[in-house]
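Take a look at these structures.
Each of the next two complexes has chain A plus one more chain, namely chain B in the first and chain C in the second.
Entry: the complex of A and B
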């Protein structure tokens, strides 16, 4: 039997006994279509080129490996921000802890409620952007998500919303296995900021599909914590209209395994898409950023900025691609992925790619891996800064380019404070 | 203040001796100058005193106010009051000049068991001191030395010195790359810090700087040794005749 057939067989076995969630007409159709995709592709295995650097087995196996809940005693993230809180506990919406699901300029519903209806606008986005993102590279875990997710939020943004929506993922049970799927649709000229934080579950599979219409702006700031053994695979699918803006930043600390995929398609002229991430890994930590940006319109800009600080055997992975389709002239594409290796046990595996079918474009990419700059470290120490603090300053300096991608200054400071707190705790 | 006895230093990775027995004593309140041809070991001496890795002391000692320097980490030496103005100040992208200096000042205070400087007091002090060195607010905000001109870097070194108020200041070719105006600014900065309790070791190639910062003692260093010590007139002699005569005389 060839590898593909084997994979399909394993997937069939894995899906044995799993049934699609009950729902209304549109959701059932979307889920069935996703399941068909999944059965055709098969779940990823370690022979897949796209999973060369990250082992998918713990993400695909039947039971989630256990992960204990960590309490750092820190104040919750985004505490000082005026925001609309939507809380999920082990992947289940918690009305009690959440704010009233309403706000000016937006309509926000639970996926569970939306999926029960026979007709809903979400059908134009749910599983649709995911499906578009399945080629040229397959993302079976996203299809799995579209097929089996029962909870999440469905947000329709009609105006410029100043109060961010904060999706908070609490983790309670050591064996929780959560799937969440969010759909966000921004009308022309609309604006929304989505914040996400929390460890979510022992194992977490999350998708977010974001449809950004002409002139709309979507900002996303996420902090993935925190529990040491947690595992997560997340996908963000973005479709960008003319003159629209999509900016996403992710901070990851801890966690045994994280695979964050961002699949963005610039479909309208003059659109701007930025994805950035900073991660700090210590010990048994594997962090994978997989990004695929497709330019399919004229005069668009995309940036990918990823920084990884690794120590004590931590592994960082970056797979980033810029695809410039024929006719996507005046594309301005930038991609940088860098790692700071604080010891010799840690490793960074990077696969930066450019594929360009237009002639009038400016694309650059770079990937580096290096140790701390000893000259700079000495300079700081010669001024009286102790070695550990000097090292932390260098770490902050290293990730600055990624953190600077956050447009809102308060959010930037919030992320920096988190980073500093983490570094400080490591010092003791 | 600073006392160096028979200091011999070689590179850690290479079997190459650079300092071949340096003796030097700088008293509080005095300015000593070290001159000497390129490659004679002047920078190495300043690095070894301030605790840079990569050098191995094979013999001799160095102490600051009686404390053995060579046993201490770089940051501990700084907290004791040792300061090195670098020949090549290092650029540190992403670390703001202010953040850096405040961390440095407060780290030293903490190490000495003193109270940390409040953000407000620090700001007030740095603004005043920056002004006299013609360092503008923008330079203070920018990442450490990034995009600074040669002269700006050197002025930034002096600003750090002024903020840290060290006891023993080593200036390694602080005059190199400075135009006449910048040289004046830097010298004034240094002279403002001259004080009975503070010692200076000024490394330079040129008499020019010593016109502004008047030394009490001048040493000539060659091939890892101090080969001649004298008064300010020694610097004038070097200026006039170069090192050749002195080297020949010593050979």
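Entry: the complex of A and C
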């Protein structure tokens, strides 16, 4: 039996006894289609090219490995911000802790309610962007999510919304295994900022499909914390219309395993897509950013900026790709992935790819890895800065390029404060 | 070359570059065929064919067993499909695995005995007359005075080595340069020790196939402390139809030695595709240095993608000793399909690997090529400079790996790959794998023209050069230096390639 057949057999065994959630007509159709996709491609295993550097076994096995809840005593993130809170506890919507789900220019529904209906606009997005994102690289854990997710938010943005929507993921149970699926649709000219934070569950599989119409703007700032043993796989699928903007930033600290995939398709001319991430890893920490940006229109811009600071045997992975389709002329694609290895045991594994079928484009990528600059460290120490503080300063300046991708100054400061707090707690 | 002539080239692409690519990809100059009576093994691949090849080469029993073991392993292996290559499935049973000119059955004793067609073949390929005599297998020609620069040549015609020049002069220096079949007979202890030690029998599908059926190739041994007195060269010519060529090259540079080795290859123009699966193994001991240069000019197929060589090659150098050094230089202009990753295993401390590549694809050509730098030793250094140029509807992929193992402290890699597209129907791709497993090593991968070494840039800018001018000087100047260092046989190709500019290129 060849490798693919073995994988499919293992997947069939894994899915045995699992039944699709009950729902209305559109959701049932979408879930069945996703399940078929999953059965056809099979769950990922270590031999898969796109799982070369990250072991998927704990993400695919039947039971979630346990993860205890960590209390750092920090103030909750985004506390000082005027925002619309939507709270999930171990992957289940909590109405009591959440704000009233209504606001000017937007309509928020629960996926659980939407999926019960026979007809809903979400059918044009749910599982659709995920399906588009399955080629040329398969993302079976996203198909698994589309098939089995029962909760999440379905947001329709019709105007320029100034108050961010904050999705808060609380983790209570050591053995929770959560799947959430969000659908966000921005009408032409609409604007929305989505904030996400919290460890969510012992194991978390989250999908977010974002359809950005012409001239619309979507901003996304996410902080993934905190519990040391938690595991997460997340997918963001974005479809960008003409002159639309999509900007996403993720800060990750702690966690045994995090795999963040961003799959963006620039379908309208003059669209702009930025994805950035900073991660700080200490000890038993594995962080994987897998990004795939497809340019399918003229004069679009994309940026990928990823910075990883690793120590005590932490592992950082970056797999980024820019695909420029035939005819996507005047594309401006940029990709940088850098790691700062603070000790001998940490490692950085990268695969920065370009695939280009148009001749009038400027695409560049860079990837570097190395230790802290001893000369700069010496300079700081010679001026009386203690070694640990000097190191932290250099770490902060290293990740600054990624954090600077956040457009909103207050959010940028909030992220930097988190970074500083994390570094401070870990000083020797 | 209609494809380029009709192509609207975007602004900013240097006209000289377009002309150079047009020239390189123009009418294939080596597409003629030598009509010569050939002796074939039956079509297809079986255990009997493997035995027959071994038998034709008068091989000892251990070699036959080695091949049969490889054949058994090959049967269990799957053809790799991860490269960005799209070609019809190869029918491995529809190939001849052994073909040699009938006249080579017995080695000719004098010029008069040599088949004139064979002589004419090498003359036409541009091998100097003096060498031609030797190439044609004339004994005693070595004693005639050689003029100009000396390059010892091993010429391989389909499955057999036709002759090796300057063997005597090389032997005086202690260098062994002969066909691999001769080495198996004459120097079994060296072959036994090193064959398959760099590229193991079951390394990959094509290497395993090669291990089973390789018919000839070159063998080089440079003893300790010897600087090889001349450049060594192998010229591979595929002539027979439906015949796969499976050459095997083994180069051993013992402690403190130096050798520069050149490789050239051509094939006739035919409508059907032909298979070429070579293995090159290089062993480099302490303080030794090997330079390996290739101009790969197999028949690329016609402008409609008909015919051409499928080139699946495994090349690897093992820097076993401290301060060992390997430099790969490749100019890839031929073949319908290229699958080739000359690699460096930097095992010794302070060992050094370099890879310079220019790959030009046109019409329907596809190239998936690059290198691997496996850093195992402390303070090891590697450098990768790759330029891919695509025209017509061709696809050109750089695929490379840089791996810093935990023990490879204080190692260094610098990678730069640039691609240039001429026309909007072709593709250029970059697939680098970067694996850093210690923090004292530095790895830099760059793929932009604006990101050359900052210090060099600063130096140039300080002297009043514009940014673009400075970049062009640094990057092109470097490539030119490499190309101009290519040996005489490659001068023509090299000179054309020097004109290629990086302007308008994409990462």
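Just so it is clear, the second predicted complex is superposed on the first by the 427 of 428 C-alpha atoms of A that agree within 3 Å, B and C clash if a C-alpha of one lies under 4 Å from a C-alpha of the other, contacts with A are read in each partner's own complex, and residues count from 1 in each chain.
Rule of thumb we're sticking to: a contact is a pair of C-beta atoms (placed from the backbone, for glycine too) under 8 Å apart; a residue touches a chain by one contact, two chains touch by 3 or more.
Quantities reported herein were computed from a predicted structural model and do not represent experimental measurements.
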Partner chain(s) touched by A:341 [first = chain B, second = chain C, both, neither]: second
Residues of chain A touched, compared between chain B and chain C (which is higher): C
Touched partner set for A:384, first chain B, second chain C, both or neither: first
Partner chain(s) touched by A:354 [first = chain B, second = chain C, both, neither]: second
Touched partner set for A:10, first chain B, second chain C, both or neither: neither
Partner chain(s) touched by A:396 [first = chain B, second = chain C, both, neither]: first
Contacts of A:33 with chain B and chain C, given as first, second, both or neither: neither
Touched partner set for A:375, first chain B, second chain C, both or neither: first
Chain B and chain C contact sites that coincide on chain A, given as residue numbers: none
In the complex with chain C, residue positions of chain A that touch it: 2, 49, 326-327, 329, 339, 341-371
Residues of chain C that touch chain A when the two form their complex: 10, 78, 82, 84, 406, 409, 419, 421-448, 450-451, 506-507
Touch list for chain A against partner chain B, complex: 373-376, 378-387, 389-390, 393-394, 396-401
Chain A partner contacts - residues on chain B that touch it in the complex: 50-53, 73-75, 77-79, 84, 86, 89-95, 99-101, 103-105, 107-108, 111, 143-144, 160, 164
